[in-house]
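Here the structure comes first, spelled out in structure tokens, and everything after it is commentary.
We just call them A, B, C and D in the order they show up, numbering each chain from 1.
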Amino acid sequence: MSVLGDMLSTLLDRGVRSVPRLAGRNLTMPKLVAELLSGSGEISGLAIAKQIFERYEALDRDGKRDFFRTIARELDLDPARLRSALDAYEASPGKETYRAFASAAEPPRQELIRRLNRLPGGTARLVAMRRDLLEFTRDHPECAALDLDFQHLFASWFNRGFLVLRPINWDTAATLLDKIIAYEAVHAIHNWEDLRRRLKPVDRRCFAFFHPSMPGEPLIFVEVALTRGVPGSIQALLAEDRTEIGAGEADTAVFYSISNCQAGLAGVSFGNSLIKQVASDLSAELPNIKTFVTLSPIPGLMGWVKDDAPALGAPNGDALRQVAAHYLLDIKSAKGLPRDPVARFHLGNGASVYKVHAGADTSPKGIAQSGGAMVNYLYDLDRITQNHEGFATSGAVAASGELRSLAAAGKTLVSESEVNEKSPV
Amino acid sequence: MSVLGDMLSTLLDRGVRSVPRLAGRNLTMPKLVAELLSGSGEISGLAIAKQIFERYEALDRDGKRDFFRTIARELDLDPARLRSALDAYEASPGKETYRAFASAAEPPRQELIRRLNRLPGGTARLVAMRRDLLEFTRDHPECAALDLDFQHLFASWFNRGFLVLRPINWDTAATLLDKIIAYEAVHAIHNWEDLRRRLKPVDRRCFAFFHPSMPGEPLIFVEVALTRGVPGSIQALLAEDRTEIGAGEADTAVFYSISNCQAGLAGVSFGNSLIKQVASDLSAELPNIKTFVTLSPIPGLMGWVKDDAPALGAPNGDALRQVAAHYLLDIKSAKGLPRDPVARFHLGNGASVYKVHAGADTSPKGIAQSGGAMVNYLYDLDRITQNHEGFATSGAVAASGELRSLAAAGKTLVSESEVNEKSPV
Amino acid sequence: MSVLGDMLSTLLDRGVRSVPRLAGRNLTMPKLVAELLSGSGEISGLAIAKQIFERYEALDRDGKRDFFRTIARELDLDPARLRSALDAYEASPGKETYRAFASAAEPPRQELIRRLNRLPGGTARLVAMRRDLLEFTRDHPECAALDLDFQHLFASWFNRGFLVLRPINWDTAATLLDKIIAYEAVHAIHNWEDLRRRLKPVDRRCFAFFHPSMPGEPLIFVEVALTRGVPGSIQALLAEDRTEIGAGEADTAVFYSISNCQAGLAGVSFGNSLIKQVASDLSAELPNIKTFVTLSPIPGLMGWVKDDAPALGAPNGDALRQVAAHYLLDIKSAKGLPRDPVARFHLGNGASVYKVHAGADTSPKGIAQSGGAMVNYLYDLDRITQNHEGFATSGAVAASGELRSLAAAGKTLVSESEVNEKSPV
Amino acid sequence: MSVLGDMLSTLLDRGVRSVPRLAGRNLTMPKLVAELLSGSGEISGLAIAKQIFERYEALDRDGKRDFFRTIARELDLDPARLRSALDAYEASPGKETYRAFASAAEPPRQELIRRLNRLPGGTARLVAMRRDLLEFTRDHPECAALDLDFQHLFASWFNRGFLVLRPINWDTAATLLDKIIAYEAVHAIHNWEDLRRRLKPVDRRCFAFFHPSMPGEPLIFVEVALTRGVPGSIQALLAEDRTEIGAGEADTAVFYSISNCQAGLAGVSFGNSLIKQVASDLSAELPNIKTFVTLSPIPGLMGWVKDDAPALGAPNGDALRQVAAHYLLDIKSAKGLPRDPVARFHLGNGASVYKVHAGADTSPKGIAQSGGAMVNYLYDLDRITQNHEGFATSGAVAASGELRSLAAAGKTLVSESEVNEKSPV
């Protein structure tokens, strides 16, 4: 990583530093943007891109909103031009008509984003820019279209083939460890000792995806525990006084936390690739590990109970497990997909619902969300494709026999509670 | 580089290797393509991409042509769908209508290329694929459109911000040096001793651009000689028995050879960036170097003389220099740009025509192309933007006073020769 | 570092692991030692070395003491053999007689240490072994001689030419940062936030010496603050809320803490080299830095006052500065060197006494040792050799004019206090 | 390697460069040496060491000889001082008497070598210095003693535990490959294409030992061919048109060339460790490889035939194999060891004589030395220790049954030839 980092840090200096005086110091932002789009000069282009970033980054919230709205509007698609280019291409398909069409079919703001990206370090600054933009998309439809342009380019640039998987452990630079603490989104890391417990023991692993042009910034990371057997409690897994085991003794790898790091990359999905990549790699390194599961929250469970089966109250023990199984396997959103977002993610990846546990997350958040229940999703590398296709085609939820039985019992429990609820006497 | 190389080489194995049996072994190529485009499953997607590459690479020339034509035709734009999506977007601009429009505005073959790129190593295979494709674009217009799709994506992926500049020298791996020998396109490198003379002396440098996903493949490289004064002979510059000087003694950096390495990246321009980057870096490292020039061929000179001023015969000495200056400064193509392609490249980059030399390239090729004349283009970092803009706006050719005088004399020479030619007596 | 680490970790496995069954499992420790010394076989030698280390490391304190005493006695010098070899060499100086002499002039335990060092990782284990040994040298003179053998070999192996200087900063691996916290010996680092304040700001630096065969273990490190002007308070220097400055704004580098890390390397001196190396490097990197000083404790000051000038009580302000200056410049040990050990170290390195400050270390330890006074020693690269030679030859203490005046005043103060003390009225 | 290289190259500059003016420019060589030994100042020490090296390296052959003789004589042992220190130590063994003894027991020139080694880069310069010294040891006995001092220190510094094994292949820097060509001592490498054939194919390997303080200089390297079956011809092994096999298909690793690189390290043995280390590593990487053999010359064979069995003439075919076996197994030097030096090396390492081949080296040198015969020595990791011990204790030559039969037949052949020779009729 540092090799690339070094290389990138040594890039273009004199050119960038010396040219701006000639190019653009006195121009307004719209003029700068126009200049960047019109000019084909590399050096002046870099100088102008640098100025656009610097001026943008100095703006306040309103200034940024106005910047986005202006870009969105001024550099929007020209439907008339596109129609005429399309007509010409249809009339006479060929290289020149296609080139003209392709140019008209894309709003100029995409080219703006690409040219801003030429500046060394530009990618990270564009990702930060889009993080800002996302605030405005709800209220400003023209910003939503601009946001799709960003997302389209990011999906192309952060293509799986360009990403690099790296282990994060106690030999990692503190600079990067700071970011792991900051970005952990599932089970907070409170301090360095907490972090040490997750990274240093030989039965704990962490892996992140990086993009070569942002070598110091993880895109997503997953924390893994190597265990004997499938665990059913996150507090036990993270306990300070737990007994460490040798990596060779483990038969199970547990993905217990997965965190996206870059808000500006929303909608560009990495989690699917990351889990499968890590499972493949661990499987090669530690052949004793036969089982790959998550230990996942069920964030929507208690909300659904409260809304749809309030008579159940706050179930626990076997009842909680049954209700949770029923919720995960049977309860769907309007689109016919599982109502639980975490379930949608893992089932969409080709995992199956494997085990549910009561008393598994006794933190206040765990109790509030799911009554303390958690679930293991199973990543069986031999069945992932099949599961994924079943889910994608027909919404079929892959699950173990145990889960199916629990879900059936849960269903009964819920309907009985409704009967009780409704019976007024 | 090797860090990244190592990382990439360890990527996805078990997944890719184990899944194909389930996914696609018996499918035809069109089915595989359809499957890759329809599926959203990462693992099966990688397995299918791998199969598409392998089958493609096993095709003969005709098979490849048919593959491209099929892709181009079957995954072409749907104008009706695009028109209707455009209407809907205009009627009600918003996130969903824009998303539908954006999807319709792009032929599906672009998404195919992006999905093929997800496979580790896919980028290099796509570049090789396009190298094949370029053979067919002249005779098959539908292939020309497909080629523009490739070029569009490559321009985005090989964006300057993603490239890494690396020195190539005698501490470089032999694997890479083999490629420098193979790719050198201007002044052939005949063997390792020849290569050593260009890379090992302290007054010789070489730099290449790399893309992180193709760490073993240079994209373009430039060879530089550090000299005292501006040289006027390529044979003297490369002489076996020349006297090496200390890097600190040099006052001039001479870009005497620049070679594009990847035929499949035709149309994606790197040379401009490379020269300016290297000039910036050398200027920072060796402050004594004040002058950055090329020592360039004039490939079109004798062709033009033969066509347009045949009475000149084969000029040499001062007459040759005058004619060459006139040719470079005054003779334009139909589009109003300099007729000489090398001149177009450097003037477009913001360089100026600085000096011309007779007897500068006495190789058979040099004599044939330019009567042995060569030219120095000057990269003055303080004037590059201005020169570039003058050239882009009005076609103005920046040149030294000496060159202007020579060109004037050359013009006279040519018109006198025409007079003589025409005078029947 | 990791490159070497990786390489070393992959060394000799099968050989070492497979051979021990044949060689030595049932031998006693003395037999193992004899075997290692007699055998010339590399493989069996490594297996035996490994066993000696393992058995040694499993011993308790008494076992270790007995091991050392046995080695020291059994592998001691043979004076009779040495005398006769010396006679033979004198009688007929030549290759064979010299070889026989050299072999007899060295106790065989030195060869034992060298052979133990052949095992990959052996160096670090030998350093740990000597750390144990140092406990016994006071009470067991034969252990003192063995210890000198260790020290002699370590001085040769940890020769300055073999050491590598590396910066320690926030990009350093957490594994190594843990050791910095553990080894800091002057101003304790209480936790990671404390460490961050010393390593992360751009005006803070840290450098360590490493030996290639112990790549994860610092030998010695120095912490440096870049400041404007010479600071006179350690608490101000380390304050949580201090204002960071740009590295380019600093004119002074302050060595405020230097810690030896390896107890087992006692007597092998690195500090002198480290300070001068770091001063050289910083001077090259940051030409604005013109002044290199320490901010050092005066550990012996109050002890001397109590013993030799009790009437002074607990001076402060200017009186403290005067007394401290007098102590540093004028008060000598029995050997004629400065009584203060820190002064001896820096003056021996060629530094001069530059400034003294009252109220400079208000920690309990600072008050107890020196009444809160601290001193800056100046490393003037142009005068180091001269100062060192003056000190080495005649014990001359280099000092600034200011210090000389203060010392004179301090001397007066002390003699007056003695007068007062003695005057009974 | 480059990490260390980089680190080392950045070491001490200003100090070394700036101080010499003060220290020693005008001193004679003997004064410089005296100064280096007397001074304890690091900086002035480095400056003086640098000057000693520079002046030494500028000397001609006679100057160097005089330098060595002066050092050897002036810094020789002081027997009177040693005797008195030894007496004192015997009278009162303790730390101080031992320290005084140890100092007197070593000639001061050893300390001189250690102090020269403190200069960054000093180790390589000392190795070069000893290479020169070796020329004079035959004629100047005092140089032989000095040489033993060098050898003693080098054996300690180039201890196996400090060495690093690195693969050499086509990804290695050209700078280093140049050295492989230059240092190959057994089967000359004629040019880069020849080198490529030995390093690039997947069934060819090369490994070298390095010392961290000489990262660009291999100490010794071995070339390995991976084959199916044990080969019996060096020309077949190195043939340009041979068929490459996959590394996984090989069952045998053949050490066909081993070259010491540093003449100045004569007498410090690495070959034994290198072969065993490489065998261990290959065995771990490629479990299919079960047999580790050399393909070795028999350099003394024809010389012995000519001297001791001239009636045999120039045997070939089976007769040659029998005679070669008899020579290797039965013919001893005055010391009772095998007369053949290569046999002594491998048998001393614990190898056994495995196979002999006629027509195995048809080069002029091969025919001249051994009538074209070559031999495979077998490295059986499970028998190495045992073989080594048998050889070391009783000179027992380990050999295969086949070799024993051949040797018996060879013995008969030789005695019959002698009978024939002697029978005058």
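The working rule: a contact is a pair of C-beta atoms (placed from the backbone, for glycine too) under 8 Å apart; a residue touches a chain by one contact, two chains touch by 3 or more.
Remember, it's a predicted structure, so these values are computed and weren't measured experimentally.
**Q** In terms of touching chains, how many steps apart are chain A and chain C, taking the shortest path?
**A** 1
**Q** Among the chains, which is located farthest from chain C on the basis of C-alpha centroids?
**A** Chain B.
**Q** If you average the CA atoms of chain B and of chain D, how far apart do the two points sit, in angstrom?
**A** Chain B and chain D have C-alpha centres separated by 50 Å.
**Q** Determine the centre-to-centre distance between chain A and chain B, using the mean Cα coordinates as centres, and give it in whole Å.
**A** Computed value for the inter-centroid distance: 36 Å.
**Q** With centres defined as the mean C-alpha position, give me the chain B-chain C separation in Å.
**A** 57
**Q** Where in chain C do residues touch two or more of the other chains?
**A** 2
**Q** By the document's touch definition, which label belongs to this structure's chain graph: line, ring, star, complete, or other?
**A** Drawn as a graph, the chains make one closed cycle, so a ring.
**Q** What are all the touching pairs of chains?
**A** Between chains, contact exists in these pairs: A-B, A-C, B-D, C-D.
**Q** Sort out for me which residues of chain A touch chain C in the complex.
**A** 2, 170-175, 177-178, 191-192, 196, 199-200
**Q** Within the complex, which stretch of chain C touches chain D?
**A** So the residues of chain C touching chain D come out as 1-4, 7-8, 10-15, 18-19, 22-23, 39-44, 46-47, 77, 79, 82-83, 86, 89-90, 93-95, 98-99, 101-102, 105-106, 114, 117-123, 137, 141-142, 144-145, 147-149, 152-153, 155-157, 159-162, 164-166, 212-213, 272-273, 276-277, 280-281, 283-284, 348-350, 381-382, 384-386, 388-389, 392.
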